[in-house]
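Each structure below is given as structure tokens.
Shared between the two complexes below is chain A, which pairs with chain B and chain C, respectively.
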Partner chain A sequence: MSIITLKNVSKTYKGLTLFSNVDLNIDKGKIYGIVGPNGSGKSVLFKMICGFVFPDEGNIFVEGTEIGKRKRFPDNFGIIIDRPGYIPNKTGFQNLKELALIKGKISDERISEAMEIVGLQPNAKQKVKNYSLGMKQKLAIAQAFMEDQQVLILDEPFNALDAGSVDRIRRLLLSFKDEGRTILITSHNQEDIRVLCDNVYRINDTQLEVVTNF
Partner chain B sequence: MRQRNIRLKEYIQDVLSIKWILVGVVFYFYGVLLKNEVVRDAYEMSISFNNWDITLRMLNDMYLIVFFIIPVVLFFSTKTILVDFDYQILIRLGSFKNWVYNSLKQFWKKGTPLLFVWIFMSLFMTIGFPYSWNWSQVSGIKHSATPLYELINFFTPLSAFLSQCVLLILTISLLHIMLAIVYVLTKSKHFLLSISGLVFLGGVLGFKLLPKKIAFLSPPTFFSLTAGVNTFGSPIVIYLVILGIGTLSILFLQILDLDKKTYINSIKSYIPIGCYIFLCTIGIIYSANSLKESSGTTILDVWVASFVGVNAESFSYIPFFYYAIVFFGFTYLVQLFLSTEVEMLGYYKIIRYRNLNKWFWNWMKKLLTVAALFFFILMGLSLIIAVLFGMKPDFHVTIFSNQLYEVLYHFFVNGFLQIMFYIIAVFIVSWVSKESIYGVLLISVFMVLLLPGINETGFIPVGLNSIVYLMDYSPYSLTLILILANGIALGIVNYLFKQSLKI
Partner chain C sequence: MLGNQLLVEMKRAFTIRNLLIWMGIIILLPAIRFYTIKEGYQFFEPIEVFQEMVSTIIPLLFPAIIIIIYLPLFLQELRNNFVLYTRPRIPLNTYLLSKIIVNAFLTGGIVFLLIFLPFIFVVYLEPHLGIIFYSPKDANSVIPMFTFSQLLEYGNLAYGLTFSLWVSINAVIYSSIALLLMLVLTNPFVALSVPFLFYHIFNFVTGILNAPMFSPLSTIFPFNIVQQPLWTILVPFLFLLIIFIGLFVFTMRKQKEWLM
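Let's look at the complex of A and B:
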């Protein structure tokens, strides 16, 4: 069953036609890879699915509900889109706590657990302004799944991660898939896509093409 | 509980941080200046002063508001908006509407110390002043910067103090909500900063340069109860304005998250009607304005002057163009409707109506009802505008020699028949040509027929509903001509329908 559906979606962004009458069905419990050159529209596609921007034409449905009709942003989505804006003078834990307080669904223990899963120390006093790029990326991944979000939209989640961390996050994403979560991912590293994804689409000439031999 | 204590501790630490201490120092030195001014005024005039003179002056002082409070509020507001507009936050909030409310909450978390320090210092500065619950004599004098005497008629000092605090909270919240909406709509940092700059500049220029009549356009007016009362003449109006704009903002927030493409498309179809109504209104306002200086003009004069129109002998450009706008504009809108109706006419529709005449009269009856209503609306609009322009509410016409009943008969009956003729003529052209452009060409021909010297005999049934025709013609003879013209036009329609069924 499709959890996300795009019907005849067209989008022009800042004067550039990115998508033209695109259809896409995303099934629950699978990992999808979206590849394409820089500026091809990967992030815009993710922003449209999340409801941050509307398509010029066509419709996007998440769990049967059309985005922009009764609902703006879908529930239960964990995302990494653009660089998350952390509060530099707070620790990693405090930053995640601020985000968690918006919904107020999870405990401090759960936040700590999420940090430990990605390889961060929840009790460290180090402020985010002193974090390395890799640590910031791990924090971004932690916030995307800490509330048990069932759909993960991850734009370049492996950026700035060392080899050990890449391996750890790959295993984590595969375990999420086994739990039945749906993941959409972009990466410039073909290996990430090959190891993780059940289905791969390439953005080519305003269309989404299925890639069969990745 | 532990979490709340930590947050309270963080908040107290924030209030005691160096930036707020510096803000307090600014308030202190400015307060000292105001304090000296109050004391000087009181000694020069040998009148009493008290604690409220300094507290209320500090909270209402326009220089402090314009050059310090507004920039600080704008800084915190834009900073909060830019920091909080984060996709990871947005997805958790579920909608832009929730984000605006959340942003307001975050703004007040950061901005409350400003209000707190301001109010605290306004009370702190009363040290050394005599205390009272009543207005002092100094409050009653016309002070240049903060005329507290404006408040004396409406408030006790304590209620003025509380009302000012409420006004500040409402105005600052509204300003933040509006900036947040601007950012959601544009997602442009530069645009947001430009708007903030404009608010500041509008404040700097507005509070000194704008005359009292249009001082409501200056943002600082809404930050100060004294400025508000000075501008609107009553404290209630300033709250009503703020609450009105606030209500509109909240209503707008309800549609902020909708995909507006479909709504914009549906609005697009109403744009011609909107433009048409606007132009009709402007024409009547012009007539009312031109009659404003004449003495004894009545509300009906505005109505007659607006729809006086032209004929072959009596021609001038403004009535010509206004006639064209009102009556040919209406015909053009009908033409738009007809082109769709004729294009959509398929066999399935004809079968349902069984014959073309039935189909024709089905929509024609609706159009004629609208046309009849249209004349009542035109007259009503003229009378309302005339009243607003202060014309005498007498029911007689001074600028025309005809009896009122004749003018009314001509306007409504001949007007209706004339519009009916235009509609049928445009329909005939649409039916024959199936091209909407020919309808526009026909309207252009009608306009040419209104030009001087062409319709000297008055037999061409175009523009005969102009009130100016009453100078040379009986309204009843004009009715006869129009009935004849409509009869011929309907005959042509009947003929065309019969021809089209002969396949």
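Let's look at the complex of A and C:
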């Protein structure tokens, strides 16, 4: 069953034609890899799926509802796009708490649990401005799943992570897949794609091509 | 959704650091000014002390005060990509509207208190404390009249409330302009400096044109020129309002490019 569908999507972004009449079906409960060179449009594709930017032509449906018409942005999406986002003068826990307050549906314990899952200490007094890049990345991963989001859109989630953390996050993503969550990731590391993904698409010359050997 | 987000924003704004900054603005600035004028000046009435208290330092710092009340929090969010991660949780319009409302509420409220609390202190409390020496009035005594002094005929409180409200409305518009500019300009520091530049350049230009009665400084804090008709304060205010409305419309039309 398709949870995300792109139909004849075309997009020009900041003067560059990134997609021409692209179709894509994302099934629930699988991990999809999107690969392509820098500037090929991976982040823009993710932003379109999240409803942050709209296609010039074509339609995007999430769970059967068109994004941008009846629904401005999809519910239940966890994202990492471009780079981690944070408030530098607050601790990691406070940052997640600020995001959680918006929907107000999870407890402090759940926030702490999410931090521990990615390998951060929820009680640490260290402010995020003093975090390493890898710690900021872990914080971004924690916010993406802490509210039990069922679709994870993760742009380069393994950036700046050490080998141990990469292994931990890979196992985490595979466990999410086993729970029936749907994941879209990009990675410049072929190994991440090979280990995690059920299906892989390459952005090539404004098209999405299926990659069979990865 | 907006109601909940307003509560969240208010909670987020009330940090110890912010409370200290706000207390500094509300108490420290007038206190410093009061300390410097309590001796060496000749006063006949408490209202003169109030007018002297809210001149000089506060008018000079006004455009800086109004942007440090709430906007640094938003600046941090913008510079560090935090807003992007709110977007799967709340529509961007709602999130930004909550920012605009909370900024207006806090800036307006704190600036109101910045003017009104010194007024209460000087007019109603200080005469019982006897810190200021009031000279006895005689036939040669001259009590200066400024714009807004017209309202004194309705009572001191009416004057204090109206003047405090006037300054706070101006503060809200100046800081809202800065907030909107933060959405459309790529460099948020430029956006934050625009109210400061507008305020001081407009003062300079009206000075050159020999029309100080229309300068922002002399219409928001009219204690450096002789009394003017009340309508004169509306001239720069309407100009400011037109800028604000124009910027609001422009910002709404550029909505697709926000934070991209």
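Convention: the second predicted complex is superposed on the first by the 213 of 214 C-alpha atoms of A that agree within 3 Å, B and C clash if a C-alpha of one lies under 4 Å from a C-alpha of the other, contacts with A are read in each partner's own complex, and residues count from 1 in each chain.
One rule holds in what follows: a residue touches a chain if its C-beta (ideal position, glycine included) is under 8 Å from a C-beta of that chain, and two chains touch if they have at least 3 such contacts.
Given the structure is predicted, the values throughout are model-derived calculations rather than measurements.
Taken together through their common chain A, the two structures put chain B and chain C in a clash. In the overlay built on the shared chain, the residue A:K125 is in contact with neither chain B nor chain C.
Residue contacts after overlaying the shared chain place A:P88 against chain C, while chain B stays out of touching range.
Look at A:G68: by the touch rule set out above, it reaches chain B but stays clear of chain C. In the superposed model, A:G104 lies in contact with chain C only, and not with chain B. Shared interface residues of chain A, touching chain B in one complex and chain C in the other, are 50, 52, 54, 72-74, 77-79, 81-82, 84-85, 87, 99, 102-103, 140, 143, 147.
On the side of chain A, the complex with chain B involves touching residues 47, 50, 52, 54, 56, 67-69, 71-75, 77-82, 84-85, 87, 99, 102-103, 140, 143-144, 147. Residues 50, 52-54, 72-74, 77-79, 81-89, 95, 98-99, 101-104, 140, 143, 147, 149 of chain A are the ones that touch chain C when the two sit in their complex.
Residues 4-5, 8, 11-12, 73, 76-77, 80-91, 95, 256, 260 of chain C are the ones that touch chain A when the two sit in their complex. Contacts from chain B toward chain A in the complex involve residues 83, 85-97, 102, 257-259, 261.
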